[in-house]
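One chain, chain A, appears in both complexes that follow, with chain B as partner in the first and chain C in the second.
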Partner chain A sequence: MHSAVQRANALVTIAAILLAALCTAASFLDSFNSPSVQAHVEVVKINRFKRQLDGNDEVKMTLNISMNLESIFTWNTKQVFVFLAAEYETEKNSLNQVSLWDHIVQEKERASFRVKVPTKYPLIDQGSNLRGKKIGLVLHWHVMPKSGRMIRDKMPLSYLSLPNSYTTKS
Partner chain B sequence: MDWQGQKHAEMLMQIFLVASAVAAFAIGYFMRDFRLMMLIYAGGVVLTALVTVPNWPFFNRQPLKWLDPSEVEKHPKPQVSSNTTFSSSKKKSSKNK
Partner chain C sequence: MDCIKSFRDVKIRPALIQLLNLGILICSALVLWKGLMCMTACESPVVVVLTGSMEPGFRRGDILFLHMNKEPIRAGEIVVYNVDGRDIPIVHRVIKVHERKDTGEIDILTKGDNNPVDDISLYSGGQLWLNRHHIIGRAKGYLPYVGYLTIIMTETPMIKYALIGVMALLVMTTKE
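Our next item is the complex of A and B:
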């Protein structure tokens, strides 16, 4: 500690250790937050259900989505990525997941909303297994904190039964 | 900076940094504002640097008291013996043992 450079070095070292401690503490407190997400989704209309030229089934629909993600937000939350996935089982795969719609929520004030949207991404199967299939709609969310690890969670919302025949000829 | 000054500087540095970290975390948590916590902590670090890094006069209040030159004259350093032959012969004899 006899020179200014040595004191500056000691200062920066202690400051960095304490900064790491602050971030760790902030991240640790996040684990005591147990959010209760409320969400609801319904299929307003199936706009298109067809077999593509390459033989894969494709579904486009309009969705009514409402959710309240406010309880996810803590002082350490940077943003929340939320997406609606269609999950179903086929002979080939025990779980197929297709993202239909997603959204990034950056503020707690905007975390409660209701939208009526066409699916952002079409539901395309690997093959033609979708006729008469029961499809689960699952809401997934990834909480990205300012410091600490990303938290993933999901909640099954409702089921959708696709019609037994295509609505559009390819 | 004298010895006491160095001790005080180190103590001040640790107390200031820990205090600003605790204050920043408490205020940030209760205001639910992560950015505020970082700003308060950064301010604390800058303040601590200003207080402890430069060689302020109050770190030099107990300067080391060196002996007077006159004292040195009264107690002269022990001189190396001029009887080199004796010492060398002694060394040789010890080596031969």
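Our next item is the complex of A and C:
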């Protein structure tokens, strides 16, 4: 007959295979979810716009952000990391992406909200190219699962036109 | 003479077969690992999260599946990077990207979701940005808890030796 070790071995193997299959299925089912995110952002006020001592432009602002991320959530969603990035091109750089604000949503019940916040991270350029610059505000989200594949997506929201001269003395 | 012959026939052959089986087991594990390395183009396709700096997304003991490709690195991605003079790789999120127009070189700033400040203080002295060559992988998949065993084993080596001993014993004693 089968020894205790053999039985334990069979049990552990089957448990591991079943768990792996469940995780794969949960992650696979996520790909059938096609979320439609609604979001809106506006710049309430530019609080600071100056050239830092090291020569880089710095902008701090207050933002009005509203979004509805409910459709992202599935039964395999652990949390959604959402952030607003400033994206623009300069003479030297083909792409600059600077995160301005981020937030972690863990429950579907809290996935629809509106906030008025100061930028969590200042917009700091590599150099001083921001005067009169048109900057894209793009909402990115990163869906982190309970197990399986992580999903990233984004949506351009609006533009921010910075003034032609600094508003704060450095 | 006869006695010795029968002893040989019975004892040595099964032992050799047992050894061969063990060899095949170790080799297939190695093939699996190296195959994963090839497929993902990563030096270590699977990493264990060691700290709580990415909580609540990743906890200590969770594992991440990495991938490395030519695609440009963008803000929001979770990358694993190595800093000069530090041997433990760090898993954090990219929050800033500056990509040079002429060379395509890339400057990256990272931050742990659970950390109050960005990673500049973790980089080696005077370094402000990470570049492409610091990045050893991009996190694509996630499994919770699975890596906890390796954490326990590296922290208390006694358990590791005990486990290896038990497994060796099992391999020696079990019959086909």
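Please note the rule applied: the second predicted complex is superposed on the first by the 169 of 170 C-alpha atoms of A that agree within 3 Å, B and C clash if a C-alpha of one lies under 4 Å from a C-alpha of the other, contacts with A are read in each partner's own complex, and residues count from 1 in each chain.
Note that in this section contacts are C-beta pairs under 8 Å (C-beta built on N, C-alpha and C of every residue); 3 or more make two chains touch, one makes a residue touch a chain.
In this text, all values refer to a predicted model and were calculated from it rather than measured experimentally.
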| item | value |
| --- | --- |
| Room on chain A for both chain B and chain C (clash or fit) | fit |
| Cα-centre angle that chain B and chain C span when viewed from chain A, reported as a multiple of 10 degrees | 40 |
| Partner contacting more residues of chain A (chain B vs chain C) | C |
| Contacts of A:Met67 with chain B and chain C, given as first, second, both or neither | neither |
| Contacts of A:Trp75 with chain B and chain C, given as first, second, both or neither | first |
| First (chain B), second (chain C), both or neither touched by A:Leu22 | first |
| Touching partner for A:Lys146 - first (chain B), second (chain C), both, neither | both |
| Contacts of A:Ala8 with chain B and chain C, given as first, second, both or neither | first |
| Touched partner set for A:Val105, first chain B, second chain C, both or neither | neither |
| First, second, both or neither for A:Val59, with chain B first and chain C second | neither |
| After superposition on chain A, the shortest CA separation from chain B to chain C (Å) | 12 |
| Residues of chain A that lie at the interface with chain B and also at the interface with chain C | 146-147 |
| Partner chain A, residues of chain B touching it in the complex | 1, 6, 9-10, 13-14, 17-18, 21, 24-25, 28-29, 31-34, 37, 41, 45, 48-49, 52-55 |
| Contacting residues of chain A [partner chain C, same complex] | 5-6, 23, 27, 78-79, 81, 83, 85, 91-99, 102, 104, 106, 121, 126, 140-142, 144-150, 152, 154 |
| Chain A residues touching chain B - in the complex, by the definition given at the top | 1-2, 4, 7-8, 10-11, 14-15, 18-19, 21-22, 25-26, 29, 74-76, 146-147 |
| Chain A contact footprint on chain C (complex, rising order) | 56-58, 74-78, 93, 95-101, 104, 107, 113, 118, 139-144, 170, 174 |
